[in-house]
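Here is the structure we will look at.
Labels A, B, C and D are assigned to the chains in the order they are written; within every chain, residues are numbered from 1.
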Amino acid sequence: MIIIMKTSAAEQERQAVIDKIRELGLECHVSVGVERTIIGVVGDDRHIHKEKLRAMGGVEDVIPVLKPYKIVARDHHPDDTVIDVKGIPVGGRTVQVIAGPCSVETSEQMNTAARMVRESGCRLMRGGAYKPRTSPYSFQGHGERGLELLRESADTQQLPVVTELMDVRTLDKFLELGVEVIQIGTRNMQNFDLLKEVGRINVPVILKRGFASTISEWLMSAEYIAAGGNHNIIFCERGVRTFETAYRNMLDVTAIPFLKKETHLPVIVDPSHAGGKAWLVPALSKAAVAAGADGLLVEMHPTPCDAWCDADQALTPDELKTLMGELGAIARAIGRDI
Amino acid sequence: MIIIMKTSAAEQERQAVIDKIRELGLECHVSVGVERTIIGVVGDDRHIHKEKLRAMGGVEDVIPVLKPYKIVARDHHPDDTVIDVKGIPVGGRTVQVIAGPCSVETSEQMNTAARMVRESGCRLMRGGAYKPRTSPYSFQGHGERGLELLRESADTQQLPVVTELMDVRTLDKFLELGVEVIQIGTRNMQNFDLLKEVGRINVPVILKRGFASTISEWLMSAEYIAAGGNHNIIFCERGVRTFETAYRNMLDVTAIPFLKKETHLPVIVDPSHAGGKAWLVPALSKAAVAAGADGLLVEMHPTPCDAWCDADQALTPDELKTLMGELGAIARAIGRDI
Amino acid sequence: MIIIMKTSAAEQERQAVIDKIRELGLECHVSVGVERTIIGVVGDDRHIHKEKLRAMGGVEDVIPVLKPYKIVARDHHPDDTVIDVKGIPVGGRTVQVIAGPCSVETSEQMNTAARMVRESGCRLMRGGAYKPRTSPYSFQGHGERGLELLRESADTQQLPVVTELMDVRTLDKFLELGVEVIQIGTRNMQNFDLLKEVGRINVPVILKRGFASTISEWLMSAEYIAAGGNHNIIFCERGVRTFETAYRNMLDVTAIPFLKKETHLPVIVDPSHAGGKAWLVPALSKAAVAAGADGLLVEMHPTPCDAWCDADQALTPDELKTLMGELGAIARAIGRDI
Amino acid sequence: MIIIMKTSAAEQERQAVIDKIRELGLECHVSVGVERTIIGVVGDDRHIHKEKLRAMGGVEDVIPVLKPYKIVARDHHPDDTVIDVKGIPVGGRTVQVIAGPCSVETSEQMNTAARMVRESGCRLMRGGAYKPRTSPYSFQGHGERGLELLRESADTQQLPVVTELMDVRTLDKFLELGVEVIQIGTRNMQNFDLLKEVGRINVPVILKRGFASTISEWLMSAEYIAAGGNHNIIFCERGVRTFETAYRNMLDVTAIPFLKKETHLPVIVDPSHAGGKAWLVPALSKAAVAAGADGLLVEMHPTPCDAWCDADQALTPDELKTLMGELGAIARAIGRDI
């Protein structure tokens, strides 16, 4: 931590800051500059409240030097973490594509979808039983019954499932049904009580980025889960909110190499929610794999026009199959497979 | 709802859209333009999935005409709603200032704070027992014990309390202690399960705007609460996230007149979290009141330097008293009082 | 400047950085921390390229401590600067409102507008002869003829004029006609050749904030003008671009107190372009004055419905008169006048 | 154009809007809905001021249906445009990589750079003689002498040059030296006088996206150039400004497929300015090509640590060579070459 004193700071203000730091059990180096004095704090100062120091007389700014995340940081864990989902590795050489419908609708729709997912070459299936919807008047998902339908359909094809948890009170049902990967949605990235709960179990978690969250906040949310003991975390970039209105969100492709440098955990991408349109999914998917993503989370529906939500962003089964072929070529071009 | 067909749309694609709309029990007007055909849907189409229509062949765009919110809209409720909080009106002629520390620390701190709030002329007290913190390693609030300390200190001055609810599982404790106003924080504005729960009770709710949520999404989150039966909702603007890094958030002062036009419910402002610095609070508070805010939510701490969180944004008791005087002058200048 | 070395930085990498700094004629303090080494540079390092140091082996980050702006900074000029525009002070106790139409249309429109500006109590007149329009097919302004019409109409009421300069090649015409205040528009805030040209004359300049520029960049653009010798600079906040689509721009009211702290120069606000709607102008104007703005730049048109551009954001003459009365009350409430 | 009337609009307000439209020589269809009336305008209404209609009594909103750009739109020009730059095609099957240093420094640096560009397999060379710098105290480029050095060094390797034009007054020098591609920088995307000037010549123009400009505004800026007669326009995405501070800009990879759908003109990407760090360039370049970009604009410097600007974002010659190999594999994977 570096403390920058104001040009106008008095001698005793500077001394008060130094005394405060020593009182907290740390040492400091003082550099008296021409215009400003800088106080460098030596030692692990992550537990100190920067705001308290900022509130002291004569202090202009307090700049942290140590990163606030530890367990998820690559600094202390240089090798890539590969997460095992029922024998399917996420985070290694193989790019994993998770596909399925936005929401669980009917048994027939789900069974068809599961078959299509399998046939396209994907190894995991997604489907939403609890749906976070902007409007209280929109379809909110089938809930428990939806979870069961997802389970049954995925089991017909031996596919592990990925589905979203919105409420701590439904976690027991997720565990009972053996959900293989729990998804934390973009609106819950900073629902800290929910993060703490999934931190107490050992089921892999896909942590979507908040739609306007910084990479640093995202890493800290993962740290919440990790601090509870669950280190099976998969980051999922899904586009962020900007000034641009031509598409739903802006896929932050830079987040992929940046995260891969900062953390040892796998990073996947959701091109469907990023672009918000089915016709954008192939280009975004190829960009994500080329940039180093460890996997994708793609919406596919047996008949998109009949989908109960996000009908305009789901791929058809044929489009998914074609995309898998194209992604294979990209993956091989960068020394990976799919 | 208006459906714009692509220049290249075929006759049968247009007919398919018209048939779909009629199948949904609505009528349509078709305008054949030089380059594009436009289909206007007549009737209440709020329940129709725009995405399904967007996914149909030949459709370029679907534009809603009716607003998606109803109960909270001023359209159907032209008069201002005044919410009664234990005899204190929020939303009428008087501007209400809610003050208190960011977090509940000790009994002594809270009792002093309560006295200072009362002496400054404020009529409601705030204080956080459950704290949403970016880092799992930061102080998370005293929880239940904090709620009790807040209750006790506020009672010594007959002040109703405002405090944040983060988890559905603690709502019973809030009700047991008679919390007068429940605050939903910025990170939970789209925690839909939490919104549904506070929609089922009849305690007033302060709904903070998500730090990157549009006004339209905010109104829809209020609609979630209202749809459950609780119409005692107070909107709280607290600054939004932008590209500017000079201050924590950007106070969206335009949201005040805009919301007052769109909804009949009260609108207050949190200048402390918006600016993130105590020295910015007076200017932002005056701007908010001048723009028509019905109240403020201000951080005050007996000794800010010792605060356990957000130490650099709390006013001192003296600063709060001075501010109350200045706000009184502004309020009178626009025909209100404080 | 502070240089933070990577955890993995080698001894010789550290030494190379220290040698480089000494080679540049500056001294440094080295703090060896538990995880990282920090090198503090002592002396005026504004001329050093941070990027060069960032590109050196072992460097994690380079953090500037000194502010990059000097002439416009309050640090070296603690008193407020009051700019004299033909006897009218901008930046002192009196809040100045500059009003007039978006674009110069006809002689009759301008003469009527000038009379209305004068009658409403405003002391300066605005009007656009050169218009920056998003589309090449929109009305681009009357150019030279427009400047002349503005000059003539303002002279009938002895009003100094404010008008926008877009192209260095028209500056001579501005000087010939004695334009009292030259406006640099939002899209030209970083048109550095244009800034250099207005830096060479001594006519007051209103420098609008770029619609997505940080305060720091804005101050640097003012420094461009000041570095040329022209210190008569007035900052004008006009709203910034965010994710919100409910209104054209988001007025950054926090910029007012922030700038007043950073610079000694006057700060005004354009509520018309910020909100983009006439009905929002009164609330935004009152907020700006309450927050400490030294003036306003407001669009008024004799008959808004007939305006050739931005018809929906101009006030009528009556609305302007009413607003001036309300602003007077706010100004007096904070110890100023209008 | 669709005009939505307010719920409260009176009969005569509706009639006034209809009369206005007919007066403008267009026809309309009126749909009387349950809550609102909608007026659809039939005919080419691009020349009508939406704001004037918005300012009329009873009007709630005016929504354009026709796109405001014509010459650059794919609607009227379905085939891809391939721009010929001295025999090198931009926009066809081959992905073109333009490389070179950020700024022209010395003759030796430029000759070495030109050789490295040629050896890496790139076919065009970039270099900045006029530099847009945030600070007036930073190196502003060598100007005319820089242009000449660029010309000389590129000629030694028969490479066409790409360089930035900032000021209309230097255009003659660009033409005299036969600059093959003129670059319009991000801060000048809406410098309309500059756009008009490059619209009058027939030299290819790279139009960089404004750092906070929408795709629609970008297309309109291209339309300014095209409207003058110069249709040789190349779009260059270079990252946009968001709330994220971990990297300089956020590369908007979605803009690539989106633009390719909207316009027939080539689209390239500048990964160097997007990420702002050399180590991010390979991942971003691969993502851009995978998403369908027609080329890249990459910074390379013989010895980055000695660069006079942006030292931390230039690739070394070896890094460029390696990248070219990787990009070749990606290009082939999607059926293109490099």
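The definition used in the following text is that a contact is a pair of C-beta atoms (placed from the backbone, for glycine too) under 8 Å apart; a residue touches a chain by one contact, two chains touch by 3 or more.
Keep in mind that what you see is a predicted model, and the values were worked out from it rather than measured.
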Average the CA atoms of each chain to get its centre, and name the chain whose centre is farthest from that of chain C. A
Name whichever of A-C and B-C has more C-beta pairs touching across its two chains. B-C
If you average the CA atoms of chain B and of chain C, how far apart do the two points sit, in angstrom? 31
Whole-Å distance, chain A centre to chain C centre, using C-alpha means? 39
Touching two or more other chains in chain C are residues 212, 241-243, 245
As the complex stands, chain D meets chain A at residues 212, 214-216, 240, 242-247, 250-254, 256-258, 261, 274-275, 279-280, 283-284, 286-292, 326, 329-330, 332-334
Chain C-facing residues of chain D, complex: 46-47, 49, 51-52, 54-56, 68, 132-138, 140, 166-169, 187-188, 190-193, 196, 211-212, 217, 220, 223-224, 227, 241, 278, 304-314
Under the stated contact criterion, what part of chain C meets chain A in this complex? 2, 4, 7, 29, 31-36, 38, 40, 42-44, 63, 65-66, 75, 212, 241-243, 245
